[in-house]
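The same chain A turns up in both complexes below, where it pairs with chain B and then with chain C.
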Partner chain A sequence: MKRIAISLLLLASVAAAPAQARLKVFACEPEWGSLVRELAGDKVDLDVATTALQDVHVVEAKPSLIAKVRAADLVVCTGAGLEVGWLPQLIRQSGNAKVASGAGSFMAGAQVKTLEKPTALDRANGDVHPDGNPHIQMDPRRVLIVARQLDARLIQVDPANADTYRQRGADFEKRWLAAMSRWKAEAAPLKGRKVVVHHTSWVYLWDWLGVQQIGALEPKPAVPPTAAHLAELVGTTKSNDTLAIVHAAYQDSKPSNWLSERTGVPVVSLPFTVGGDAQSSDLFGLFDSTISKLVGAAK
Partner chain B sequence: MKCYVITSYPLNALSMHKSLLSLVLLSILSAPVLAAPQQRDHDRIAALEAQVQALQAELQAMKSTAPAAVASAPSVVAPGTTTADEIDALAADAPDSAPQTTDAGSMGVAASDAGVSAGSGNSSANAFNPAISLILNGSYSHHSLDPDAYMRASFPLAGEAGPSPDGFSLGESEISLATNVDDKFYGQLTLAVESEDGEDHLGVEEAFIDTTTLPGGFNLRMGRFFSNIGYLNSHHAHTDSFFDRPLPYQAFLGGQYGDDGVQLRWIAPTSVFLEFGGELLRGEPYPSGGAQNGGVGSRTLFAHIGGDAGDNNEWLAGVSMLRTSTANGEDGFSGDADVYIADATWKWAPQGNFKDGGVTLRGEYLLDDRDGIYSDPDDPLNTAPWSGQRHGGYVEGVYRINRRWDVGYRYDGLWGDSDLPLASGFDPYRHTAELTWRNSEFSLFRLQIGRDRPNASDTDNVFTLQYQTSLGAHGAHKF
Partner chain C sequence: MQGLDISILGPACVAGLIVLSTHVPLGKQVLGRGIIFIDLAIAQIAGLGVILAQYFGIDEHGLGVQFAAAAAALAGAGLLSWTDRRWPEYQEPLIGTLFVLAATGGLLLLADNPQGGEHLKDLLVGQILWVSYAQLIPAAVLSALLLMVMWLRRGRLTGLLFYGVFALAITASVQLVGVYLVFASLIVPALATVGMRGRGRLAMAYVIGAAGYVAGLALSAVLDLPSGAMIVWTLAGCALLAQLLHAARRSHPARGATAAVLEAAE
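Let's look at the complex of A and B:
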């Protein structure tokens, strides 16, 4: 049934041969998909490669994704090594030169200053990212910088709709700045508080909110923690008036619950990206939910 | 002609949008009493906007008078008042404002199979070095049957077929270098070190260049490479779920068919993954032999189709053929040989997180169809006509328990026409089970046990312990 529908659609699209084809955008992560929607509205066709319940470090170069990259005019990804295990393979397999480099390749991580750039590259420290921590979407300030650059890029690759992008970009910036001051005000009680995390995915959020991270369940990326580390972490968590143990919606909650049982510190599951919980239907909802969950733990 | 496929996602989003809109409209129409609070909200938003604008103007003024002072201490100023400068300070030093200048160092083609980019910002001459990745592995095997006495009925060992050596062995270690050549080409070299009877051999496993800018979804590959026929053939052995290749690959492709030549591949502009391609190859290694037809002894055709079924399922299937002319092949065959392959892979994992748990099922069927003569390599005068079909297949299932463990089972077998020169009336088969433990993405230990029936009278019980590590650039593997 679905197959028939697809082939009918295909036929229809061939027959119709649209004179004005819409820009096709391939977003690696939901947060950039949401940003593209904010800036471009219905002027583009959008494919989002991953969901909030996937670990984007280890996505596979699936055939369906190759087909999507093949069709794309613009690829919007995080970069900074986050998709190193699959995006290069997708681009090479798809044979789409447009998105391999240049104007068709937009890397959000390259637009902002990254944190945690390692001074020494050694896999003994796990799967470290040479370009710094790639999870920049959790800082609304950096999201705004990315939005400005992405808007400029949309105008560049699709000048026919430049006015729309300009107008929507300005509108997004206005709403985003207003939301940012609201979030900052709501998050005031979080300032200076201490948290323990599952994986060090949250440095940008803490940097923005002034929250202090005192430990991680999985301190080395992609390497399971040792028993000694966990024992030490129980002590640290207990003795520091820790606000919460934070993990992302896609991560297994077991380690966090384990630590919570031993310390009495509550577990907070944050959406991490658009679609990570019911409230996070777009970028605004992502931060609404994140802030309210953290503030909820502080009460 | 271009053909555009409208994917379902934006359609859904659109229709959702529409129904949302109509909902909002409805609620506004049916509830005039809400108008008052809404008006208040509007006023509040307007007031807020005015406030933000005022703040921004103020900031602009501050910026022009004392930018350094503000920028140097953004965190000590009260929240809200520093937003603009704070944000400006976080932008990358050289934001990608001129993207036309190819940044091959970022996440583009440069960071390829073998992985990591040369690293932007690294200005030393080494920054242009290819990405280097190393595969180191080793194994210990115990066979109940002496590998030297191993004889596979009806299917003589050729290429890299056959049991692993008894005892400790280095197996195959690999070094791979890859990078963009320039704006139009990508190059990769893979060298493999093998030990055979105490002697080390360094071999060129792959050495090819790919085009990166052909239009219309075309890709041209030139050099030495593993043919894209079947599923396993184009995959390096270190990505396999088992220690050794299945019997049909051993019997009909010598383990893995790689040769010198050219490959043209095309990805169709469809929402389902559709790949078509063909290769012209020299025709030197088994099942070819003697580089016939003026050094263009082998031709291949392949087609693959794949896609999603929901968030949890992925599939890939294909049909391929290899047509080759052989003179004095390793198994004594001369003539025309065709190998046909059908392959299918299905993966299931919750939310598509394959590394955290799930099931992979794979099967391939190989048909070997030959027309020529057999002459005994040990006694060239002993000849016989060879015309007929042989078959082989395997099915394997791997259950990924979590990020560290997986367990798998494979059944593989061979069978063929009974009137072929080497036919014995016995069909070899094997049962194999494996258990893998990973410390990280970069290292694994594998325990494999197998029960191999190579001929009517022998059974080889095999126990293998293997380690495999991946060093250097982070690899990006094919599905």
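Let's look at the complex of A and C:
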């Protein structure tokens, strides 16, 4: 048994030898893993730290995570405080200076304008993050900006494959722009509609679609809502011709179902990132599924 | 096999041994007193101390947090030592009540704390793999001091002294390895050696603890599973193995007779 294991390992290392020159990319979230695949194809080795069915604020420490970051040439994460509970520790434990800062560290949130960014004065007014809301992946316009910047970064850290990255980047942009106009047309009936959310993780999607968020079940993360807040929310939801109560696939559906029972407004569970439902196998599928589920609720 | 690397597992392993050094002898006493959930209560009270400190504007990353946590834990220890004297027969339910009060007190305080984020509650709960050697130095010094106190008192800590030493040990260890591992390090080796006597028991409990940590870290690297949870299970596995070996040795007639005589004499 042991001998088989050892020979398998040797075989694996031999097979991996020619790939040694390949760029090793570590992505924190599935959406950026998917984007790296779009832009780099099989020119890079890709590891994705989390799945769509977990809360990326919290990650259980595994030795393999440290080993993967140690080996990485490029770390692609959201930043803006999303991974603050584990990424700094992970990078410190890995001792990999290459990805701690500079060209080896790509933070998607830093490439775009974030929403809900507090000014110094209202920092004390709520559980807001100093760098703004980090859930930028739900706006295709921002995804495109991130894609352009990430493509440039790939060219910078792996110039040997620059032509591939350039060509794949241009191809992605063409397909993405076409998909965006399709989504926008499909989502036309959503414009101006009102939604209630579980957490305020959808601001970028609403910003793009022109949907109005009128309330949140848990406005502060991990702090249970008060009875007064819920009573008010039932009232707002009922009196506003609300389209849907939206939660992410990884979130508990109990609070949304509770509100739905009291108001008759349907619950919509959205994938939130790549892998969040069967249809969301890549970034295109993520938005196909999101739009069709919301439009389905509007019918 | 990725991750089976001494530079990744080394600090975690040392952290485990430091935690075991104080928790194994303390665990014996906790088990003897029948108050096994006291560690959860103390950890929760220390967390409440940190949330309170935020109210008074103490920087959440500085040394102030450590003092707030230690002060709250010691205050909780003082309270428990008093209830232990006053209502010894209700100590266990009182500890449980204090635990839920501290946990829900945190929720009430955070409900309208302007910066009440979830990270505050996690501030005092560490994950063993994130430990760095620099973090281990203060923990090692504290453990050495606590061990010295225990040694000077020949392992017999009474009243306030027991609760005080316990509070400081728990506050430090929860930040290194998290509550699950603290509970397991405290209770499992002590429970596994319950039928044994004297110095041999302490040594055996240390061996079980150390074997559990090393096996758990190695397995978590090989199987690619979260380290903290894996160690809890290997600790329990080592404890079970030790119990089986112990039982097998006792059932051996010659050894069994001697053991019985010695036990009667003790």
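Criterion: the second predicted complex is superposed on the first by the 270 of 299 C-alpha atoms of A that agree within 3 Å, B and C clash if a C-alpha of one lies under 4 Å from a C-alpha of the other, contacts with A are read in each partner's own complex, and residues count from 1 in each chain.
The rule we apply is simple: a contact is a pair of C-beta atoms (placed from the backbone, for glycine too) under 8 Å apart; a residue touches a chain by one contact, two chains touch by 3 or more.
As the structure is a prediction and not an experimental result, all values here were calculated from the model.
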### Query
Now for A:95: first (chain B), second (chain C), both, or neither, which partner does it touch?
both
### Message
A:48 in the overlay: touching chain B, chain C, both, or neither? Say first, second, both or neither.
### Response
first
### Message
Between chain B and chain C, whom does A:83 touch in the aligned arrangement: first, second, both, or neither?
### Response
first
### Task
Check the residue A:226 against both partner chains and state whether it touches chain B (first), chain C (second), both, or neither.
second
### Task
Check the contacts made with chain A and report whether chain B or chain C touches more of its residues.
B
### Task
Report for A:66: first if it touches chain B alone, second if chain C alone, otherwise both or neither.
both
### Message
Contact-wise, after the overlay, does A:142 reach chain B, chain C, both or neither (first, second, both, neither)?
### Response
first
### Message
By the touch definition above, which chain A residues appear in both interfaces, chain B in one complex and chain C in the other?
### Response
9, 58, 60-64, 66-68, 70, 84-86, 89, 92-93, 95, 126-127, 222-224
## Note on the structure
So, in the complex, the side of chain B touching chain A is made of residues 1-7, 9-10, 13-14, 45, 48-49, 52, 56, 75, 79-80, 83, 86-87, 89-93, 95-97, 99-104, 106-113, 115-116, 119-120, 186, 210, 212-215, 217-219, 265-275, 304-308, 311, 314-316, 347, 351-356, 403-404, 439-442, 471, 474-479
## Note on the structure
chain C partner, complex, touching residues on chain A are 9, 57-58, 60-68, 70, 84-86, 89-90, 92-93, 95, 124-127, 220-224, 226
### Task
Using the touch definition up top, name the residues of chain A that touch chain B in the complex.
6, 9-10, 13-14, 17-18, 21, 37, 42, 45-48, 50-51, 53-55, 58-64, 66-68, 70-71, 77, 79, 81, 83-89, 91-97, 100-103, 105-107, 110-113, 123, 126-127, 130-131, 139, 141-142, 144-145, 149, 152-153, 156, 174, 177-178, 180-181, 184-185, 188, 210, 222-224, 250, 252
### Query
Along chain C, where are the residues that touch chain A in the complex?
1-5, 7-9, 11, 107, 110-111, 114-119, 121-122, 127-130, 132, 217, 220-221, 224-229
